[in-house]
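Data block below; observations after.
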Amino acid sequence: MAYPIDRKYTKEHEWIQATGTTAAIGITAYAQESLGDIVFVELPKVGAELSAGKTFGTVESAKAVSDLYAPASGTVTEVNGDLATSPEKVNKDPNGSWMVKITLKNPSELGALLSAADYEKFVAEEAGH
Amino acid sequence: MRYLPKSPADREAMLKAIGLRSLDELFAPIPAEYRLSRDLKVPRQMAESEIVEWFKERSRENGEGYTSFLGAGAYFHYRPVVIDSLISRGEFLTAYTPYQAEISQGTLQSIFEFQTMICELTGMEVANASMYDGSTAAAEAVMMAVRLTGRRSVVVARSLHPEYREVLTTYATHQGMPLAVVGFGDDGRVNLEELAKAVSGETACLLIQSPNFFGTIEDADAIAEIAHKNGAMLVVSIAEALSLGIVEPPRHADVIAMEAQSFGVPVAFGGPYCGVIATREKFVRQMPGRLVGQTTDKQGKRGFVLTLATREQHIRREKATSNICTNQALVALMVNIFMTIYGKAGLRELAKQNLAKTAYAAEQFGKQGKLLFTGAPRFNEFVVATSEDPYAINSRLLGHKTVGGLPLKKFFPELGNAALWCCTEMTTRTAIDTAVGLVAESESSVRSLKREADVEEVAR
Amino acid sequence: MKHMTRKATRHVNQNEGLIFEKSSAGKGAWKLPPLDVPEVDTKKLLGSSERKDLGNMPEVSEIEIIRHFTRLSTWNYAIDLGMYPLGSCTMKYNPRVNEHVARVEGLADGHPYQPEKVSQGALRILQTLSECLIDITGMDAITLQPAAGAHGEMTGLLMVRAYHQSKGNARKKILIPDSAHGTNPATAAMVNYAVENLKSDARGMVDVAALESQMNEDVAALMLTNPNTLGVFEQQIHKIADILHAKGGLLYMDGANMNALVGKVRPGDFGVDVMHLNLHKTFSTPHGGGGPGSGPVAIKKSLEPFLPTPVVIAKPDGTLGFEYNRPKSVGRVRAFYGNFGMFVRALAYIMANGPDGLRQTTEDAVLNANYMRKGLEATYDLPYSTPTMHEVVFSDKLQAKNGVRTMDIAKRLIDYGFHPYTTAFPLIVPGAMMIEPTESESKEEMDLFIEAMTSIAEEVQEDPQLVLDAPHSTRVSRLDETAAARKPVLRWKPGN
């Protein structure tokens, strides 16, 4: 699986793509595949504060729930309303299906996250277990 | 032992296959000091005929054949024989929770029909597959409102079934949910002024019952308005499901927590009954309990499955909407069959008979004792205050193989010598006239005692 | 089917729509007797509260109702049809005399508020069942009020909390092994305790060293299922109890697996302070497609003041009654006294067995599980080789190599005429296959099951797709659960 190099990744399988001080957050292709068919995405409201490493929502398949962890801290400026009615978009296009956009509180937090290559390596190790 | 399908030779053969010599060796993992070396102190093994006789004896000690005027959350309605005939089918009786949908379509489709009928009767959009009973359904509905509003305070009507209120208190105590209780007026309804004062921007929900514990139908629309003005939810408990046959459901409620025992479920000394929660579609993800949904199989054929299971304990564990697992499925099936038998026209006619019996009884009792809460409509219960202690009247009634109304002083000391009477389609005019006659005797003897006392006073 | 089976053949069952689709105005299955009091004007009595219309409630005749539900029933599998080996669910035979006595007039028509004078029969049943269950568990007192196992857990933890509160500190958390049923953590959350996970050791038992290090004055109780969900008896149970008690904690036992112990060993004798029973598992009351259950909670003396109200007492005149005045009680957990109809059934079961029957029942349940283990251990992976009590847990490790998982094998069992075992639980076993035959299975039925499982394992080798597409013999094939959850259709509406 190729992971786009225009963004950073977490060990909890989220991606974050920053443009200046705003950033979009979604889950990786690996995450959507291990979850299976996604039936519901629960997201925070605009204005909610995210803090790095803490949960901010959930993704559900018919028989499992996964927490979403914030890759970085910030304030939610936009929520992808499409996912409320069409959660399957996350399965079809995980890289294009951003969940929330935030104003980054501390853009330097991104420095600690994984690059596409590192994430790919991490996933390969995890899948090997 | 007649339930065990093994001969001594079978056991021998099986032990041999495992490589053991005695059944006792199977229990070797249990430290010897804990193994029981005596017989359990339980009744000796009995023949079926002895068991049946033992329970028949208990039945005779239990008011068998008495006429009853009790209601208060457990109602005597006629149970069509079709119900027991159908629920006794082993395929319903001895099946587990329908997790394996391909071989559980019977249970699943019947629950889907149950959910639909509960929606139709309550005017709500979704209903679950059942809760333990009306009291726990009410408590769980309140906790649902707390999650949905993000607020914690709860306002409860004093005219809610007192035992339902006790259950809510138990559930709320450790959740840090403050409960405020709002009283009732002379018409038996929630005191709206008091209610308006009790509700604030901190209130998660109001919990009322309608018809309430006294049988009085609440003005649910006015109460909903007070709740919604404050951003709070309205939870309505319905203990007498049959009222929905002729009483408008609380259409502005946000959650209805119902006890469906009236629909074909034996009174059975208090259980098992059938709670159910119904609500708006938008609240469904915070609902407790199982839900059945419609879907299709690989060939596109209609079928049913348990759905939205991620709310439940087996997936979300400590973050689940409730810990409920086993529910009241077979009882819900009784309810389902009852609703199907009476249906659209029958439920209304049946409810109307209840209304007529109650109107007659209330009028007759009112001529003797004092009928309370006359200012508002009621369904099949009414409160009568007598001069004499209702316990004394009731013990005389027992002599006529009749169980009188429920004395209310235990729950509502402020109502003095009042009792809650209930009539259903099962109550005969003769039974009503007998009970009224005894109340009349009691009242007149109290009056004559009082006259004698007055005469003595004058003579002195 | 490649491997013909001796147990099942396909049979025809009939199609049947939803009841609403059979409804039409003017049909009905009811008739009321003539009214013996004056008719009433509903408008006058109810005013604006009068309901005009009952919406889409069905209108059908009695024969249609009988056929409707009878046809639906034929789409269900049931204990009455064959083995139902769901692990930790104890799907045993539901004796018919239980159903008969629960319907005896004075019991079925007894009102919960009728005077105690005319409730002596019901009270005697409550008392007799309580005494039996107290001796079976080796505890000191009991409440029958909880409506199901999870409700019993809540009641038990409420008493745990009240007990600690009375000692001045309610404590903060409950320890729960990673093999536990989901209701345990969900219950702890309901009574506002934090959950701390306790890991299992290599033998599938509580890691006693881990317990020792995690135990402190913040821990209110350990919730332990014993035998646990692997069917393994916690051999260090005395040590576990000692560790808890030394720090003032309590040992809660989830009695879901009590069918392995009745008459052979008593939790009260190995250090348990509070436990619940599932009358719908161990004591043969029917599951009825998901309920009703009953979850009595038995306790040691130290917890007695906290029992829910009311409790049954013997009065000075020798009659029985309810006592409500118990200031330290945790309160009520449901209206009235519990699922009384289930008490009648459970007591009838105990009477039909007697002490010798109960002991033999337990022995047969454990015998069956061990026979099952022996019959399948060469074919399926056994992740824990610790001795088996009433249930055995295999994994799909060997079959997963061919892309076949536990759920696929479970679905294939249906074609062989069996209900599947419990899949994917306990969570500590990846691809778990949890099998509890109970005592109700004959050697013949056991052999048929082993034969079916062995045959499926061969199919996995030779034709995995056959297993992946199973079941092949049911009226519906695998259903689309994803679509059901994405766009929930939770009720029928006209025109859909």
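Think of it as A, B and C in the order they're written, each chain with its own count starting at 1.
The rule is short, and it goes like this: a contact is a pair of C-beta atoms (placed from the backbone, for glycine too) under 8 Å apart; a residue touches a chain by one contact, two chains touch by 3 or more.
Since the model is a prediction, treat every value here as computed from it, not as a measurement.
Chemist: Counting C-beta pairs in contact, does A-B beat B-C or the other way around?
Modeler: B-C
Chemist: Based on mean C-alpha positions, which chain is nearest the centroid of every protein C-alpha shown?
Modeler: C
Chemist: State, to the nearest whole Å, the distance from the C-alpha centre of chain A to the C-alpha centre of chain C.
Modeler: 39
Chemist: Let me have the rounded angstrom distance from the C-alpha centre of chain A over to the C-alpha centre of chain B, please.
Modeler: 46
Chemist: State, to the nearest whole Å, the distance from the C-alpha centre of chain B to the C-alpha centre of chain C.
Modeler: Once rounded, the distance between the two centres reads 21 Å.
Chemist: Scan chain A for residues touching two or more other chains and write them down.
Modeler: In chain A, residues 40, 60-63 touch at least two other chains, as defined above.
Chemist: Residues touching two or more other chains, restricted to chain C: which are they?
Modeler: 481, 484-485
Chemist: In chain B, what residues contact two or more other chains?
Modeler: If we look for residues of chain B contacting two or more partner chains, we find 307, 309-310, 315-316, 319.
Chemist: Within the complex, which stretch of chain A touches chain C?
Modeler: 36-37, 39-40, 60-63, 87-88
Chemist: Help me check something: in the complex, which residues belonging to chain B touch chain A?
Modeler: These residues of chain B touch chain A: 285, 307, 309-310, 315-316, 319.
Chemist: Using the touch rule from the top, collect the residues of chain C that touch chain A in their complex.
Modeler: My answer: residues 481-482, 484-486.
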